[in-house]
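Some notes on the structure that comes next.
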Amino acid sequence: MIIVLKPQQNQEQIDSFVQKLTSRYDVTVNTWVGTHSTVLGLLGDTTAIDDEYIAAQDVVEAVRRVQEPYKKANRKFHPEDSVITLPGGQTIGGGRLALIAGPCSVESEEQICGVAEAVKESGAAFLRGGAFKPRTSPYAFQGMKSEGLELLSKAKKKTGLPIVTEIMSIEHLPLFDDVDVIQVGARNMQNFELLKRLGRLDKPILLKRGLANTVEELLMSAEYIMAEGNQQVILCERGIRTYETMTRNTLDISAVPVIKRLSHLPVIVDPSHASGVSWLIEPLAIAAAAIGADGLIIEVHNDPPHALCDGAQSITPAQFDSLAKRVTQVYDMVQAL
Amino acid sequence: MIIVLKPQQNQEQIDSFVQKLTSRYDVTVNTWVGTHSTVLGLLGDTTAIDDEYIAAQDVVEAVRRVQEPYKKANRKFHPEDSVITLPGGQTIGGGRLALIAGPCSVESEEQICGVAEAVKESGAAFLRGGAFKPRTSPYAFQGMKSEGLELLSKAKKKTGLPIVTEIMSIEHLPLFDDVDVIQVGARNMQNFELLKRLGRLDKPILLKRGLANTVEELLMSAEYIMAEGNQQVILCERGIRTYETMTRNTLDISAVPVIKRLSHLPVIVDPSHASGVSWLIEPLAIAAAAIGADGLIIEVHNDPPHALCDGAQSITPAQFDSLAKRVTQVYDMVQAL
Amino acid sequence: MIIVLKPQQNQEQIDSFVQKLTSRYDVTVNTWVGTHSTVLGLLGDTTAIDDEYIAAQDVVEAVRRVQEPYKKANRKFHPEDSVITLPGGQTIGGGRLALIAGPCSVESEEQICGVAEAVKESGAAFLRGGAFKPRTSPYAFQGMKSEGLELLSKAKKKTGLPIVTEIMSIEHLPLFDDVDVIQVGARNMQNFELLKRLGRLDKPILLKRGLANTVEELLMSAEYIMAEGNQQVILCERGIRTYETMTRNTLDISAVPVIKRLSHLPVIVDPSHASGVSWLIEPLAIAAAAIGADGLIIEVHNDPPHALCDGAQSITPAQFDSLAKRVTQVYDMVQAL
Amino acid sequence: MIIVLKPQQNQEQIDSFVQKLTSRYDVTVNTWVGTHSTVLGLLGDTTAIDDEYIAAQDVVEAVRRVQEPYKKANRKFHPEDSVITLPGGQTIGGGRLALIAGPCSVESEEQICGVAEAVKESGAAFLRGGAFKPRTSPYAFQGMKSEGLELLSKAKKKTGLPIVTEIMSIEHLPLFDDVDVIQVGARNMQNFELLKRLGRLDKPILLKRGLANTVEELLMSAEYIMAEGNQQVILCERGIRTYETMTRNTLDISAVPVIKRLSHLPVIVDPSHASGVSWLIEPLAIAAAAIGADGLIIEVHNDPPHALCDGAQSITPAQFDSLAKRVTQVYDMVQAL
């Protein structure tokens, strides 16, 4: 961390500030006196230092962080790629493209089992399906809740596919015992109490990037989970909010290689929420596979026009079958280049 | 709601779609057949209709909502301004500028009581102070939690100022009995389970706009609270995320008159979080008072350089005293124009 | 175009407004009277209708455009893909990935000819190089100007590669005789006088998307060129401005399939400006090739650390050679799926 | 400027890089060797140093600018507020609120003279009116061009109000002799060739902030004009592009105090373009006056529903009269606090 002091500080003020820093944090401070200003360099573990605390000091002009503020999610301290492995042997990360597919919401046993069997047939290794649904409107369908979770369990029993589903409140956690991967949605990416609680589980967490959150904030939210002990975090790029209205969100495809450079955690892409329209899902999925995403999470519905939510961005099992073949070919081809 | 159908639909397809609409929703459908396309107009209460469900239909080209998707927060159905009145007689809305002030976080009895007395003296009608703090980093100070709430109660007993403080999880609700106004922070604006639970209380809720949420989404989140029964909602503009980096966020000052036109709920402004730097707080507070905000929520700390959080954006009690006088004069002067 | 009238308009007001519309524009107006409001549907060519003129009318509540506001760039009226063919036989569009490569700025004869030969060897079909450079700072290197154009001509003579270079002012046009494709930079995307002038040339124009322009605005700027007669427009996605700071801009990869659906014009991607960092160029180029971009424009410099501009985002000829092989393989493989 | 070097550079590499810096720029370099990395501090005039050139060097990890990259627009080197004074005695800056008013476009002699007389009567000191109009669509009204400029001159002769009007191309400059303040529109804020040309005039330039440009970029564009000799630059905040759709743009009200802190140049606000709707203009104008903007530029049309452009955001002379009185009162009151 580099701290630029305001011009014309006397030696006493500087000394007193340096002493405050060394007594408060476990760092060594190097002072470099220039003609017009003095610059301090802090060495040691600066992760715990609060930029704002520093910026609020009378003598400080500017603070520049050199080190990343995250540790456990940081590739520097964990150079090898992390691979998430489930009891059934399914993996995310490690050189194979993981396909997670299923309906936006669970609607009936027939629906979820039907879709599960279809996507498994097409190569999906995980079943997604919403039981608790975050909807902008209180008047929109909110999901089948605990009943939805039970139906997911039935589909899992039938197909063997592990379940990926979203949690919306700590209070619902007891219902998630049979869930294999717990998803934190974009709107809860900075629900820190929820993150801390999930950090005490021994279960993979799929953490989606918030609508307007930076890559660094996403990694800090992963750090919340990991700091509590749970190292099984999967990150998900699902489009960010911009001024463009042609797509529901703007897929930040660069986030995939950027995150992989900064962190060892696996990164998947959600082309369904990134686009909001079904015809865009395949091209975006192909781009994501080509750029090296570790997986894709895709909304598949047996009957999109009758879906109780997100029908406009769902594809049919037949479309998914074609997509699955293509993205796998693209992924494998690029990996082999 | 206006639905544009895809070109070249035959009469049977159109009839079947119209029948689906009228059987599913309580609406009348008017069909208008043009040369190139057919347009349907839906009359009745379209609040419960899911745009996405419509957009997913095979025959549909585009959906345009004419009515707002919120009802209880809508000024059309409630033309009079809502005024929030506390048991102690303090009000938000109704033609007086409400000042809410206090430290980012509660740090000690001496600190919170000292600040409370100072801001009361300067004209604040409410005491703010964080006990549970949402921090980007898990390694940053997370607040004094239940102990912080107890200290707020002590300060309230001493000064009579009602308490405004943030809740971060439903689980903490039992601790909030003595809290007068419960704040939902920007990061939890779409934590729908929390909103629903707060909607079953009989206590004012201060709902902050999310970092990247639209005014309509803010009103929809208010609707979540109100649909459960609690009509005492105060909205807060606190800056949105843009590409500009000179300020921590970009204060969307237009949101104040826009929300007041769309809704009857009171709207306050948070210049501290909108700017992130102390010297900007007074000019932004003056602009907010001039444009007709119903209140201001401002971070005041007795010793900003030693604040455990947000020191860079805190002002001192002396600065607040000067600010309070000015903003009140500006507000009253503009109201009298 | 659909116009929703304000509630409670009497028949006379409506009739008078309808008459104004039909006398002013070549459209037929259909009136559809609902219980609460009246909706007008305009049929005919609504391209020339100004949304704002309509919105300003006293009786109007809202205007919704159904038709796109562009015609010549619109795929609806030109279903076949446009292919740009140069006199030397080089093409952009039509199923082959066009590679445009060269330095950010021309710096010397040795440099530009050296890079030109290298990139030609690696498969580039076009040479890019800046002679007039748009720089944020007036104190930064502004390009070699006319001398730079002369050096580009020398490199063209040596290698046969057609020249792609940026114009910054109409006044410079006489210098561009030997330029094969004139580039309009992001900052000039809405320099309408320049667009109109280029529309009177018989030469391909490479039009870059502005930093914060929508896809529709990009197509409207293409329309400016095409409306003057020049149909040879190539569109370029080069990243948009968002709140994310890890990359210089955010590559909007979805723009490629979105533009191709709306327009028949070829679309290329600029991974160099989209990322701003050299190590990201190859992954973004691969994603762009996979999603079906018609070409790539890439900054290649023989000695990036000594480049007079954009060194941080330039790659070496050796890196370009490897990239060129990979992106071509990816493009061809996905096209063949 | 602070340069953080990559870890594990040997002394020779560091020395060679330092030598390159001192030979290329007029700076002194201080080296500060930490345990893990080496940091260089550059002293002297770093304005001319290209961040990107530095970032492209092999040994460099990160570059942080401490000094602002602009000089002539910088308040540090010119602490006094600049005041723009016209031959007729009208001023912008210096403690009086300047009102600039008139129609979006000049449409007829009757219209422009009528509006000019009305706004003068209400206290406007400048007449605005578009002769060359930047329109998104080539099919929209493009202004009366030279004829429009002639009509502006007639209105000036009648009322004595100096003319403020937009230039769209260097080629039109000969037509602007009788124009008193030349406006550079948002879309041309980074049309650097135009800025340089205007920098050689002896006439005030009104420079509008681009749709997605930062405050720093706005100041750099002012620097382009000032570096050529013309110090009479007026800056204008006119709303920036964000994801919010309730207003056409988002007025960045904080930009006013931020620019005033960084620069000595006067800053005005354009509430018409910032909002895009007429009923928002007065509240935004009041907020701008309250926060200390040096002036307001407002679209006034004698007959908004028949305006050939921007009718939706124009107000009538009667509305302007009321607004002018209020904003002047608010400005004077806040200045006197």
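The first chain written gets the first letter, and so on, giving A, B, C and D; residue counts start at 1 in each chain.
Heads up, the rule we're going with is that a contact is a pair of C-beta atoms (placed from the backbone, for glycine too) under 8 Å apart; a residue touches a chain by one contact, two chains touch by 3 or more.
Nothing here was measured: the structure is a model prediction, and the numbers come from that model.
Q: Both chain A and chain B are touched by which chains?
A: A chain counts here if it touches both chain A and chain B, which gives C, D.
Q: By mean C-alpha coordinates, which chain is most distant from chain B?
A: Most remote chain from chain B, centroid-wise, comes out as C.
Q: Which pair wins on C-beta contacts, A-D or C-D?
A: Greater number of contacting C-beta pairs: C-D.
Q: Chain B to chain D: how many Å between their CA centres?
A: Inter-chain centre distance comes to 32 Å.
Q: CA centre of chain A versus CA centre of chain D: separation in Å?
A: Computed from C-alpha means, the inter-chain centre distance equals 39 Å.
Q: As a quick test, compute the distance in whole Å between the mean CA positions of chain C and chain D.
A: Distance between chain centres: 26 Å.
Q: Which residues of chain A are in contact with two or more other chains?
A: 212, 241-243, 245
Q: Write out the stretch or stretches of chain B touching chain A in their complex.
A: 47-48, 50, 52-53, 55-58, 69-70, 132, 134-142, 168-172, 187-188, 190-194, 196, 210-213, 217, 220, 223-224, 227-228, 241, 304-305, 307-314
Q: Could you list, by residue number, the parts of chain D that touch chain B in their complex?
A: 212, 214-216, 240, 242-247, 250-258, 261, 274-275, 279-280, 283-284, 286-292, 326, 329-330, 333-334, 337
Q: Under the touch definition given earlier, write down the residues of chain B that touch chain C in their complex.
A: Within the complex, chain B contacts chain C at residues 2, 4, 28, 30, 32, 34-37, 39, 41, 43, 61-62, 64, 66, 212, 241-243, 245.
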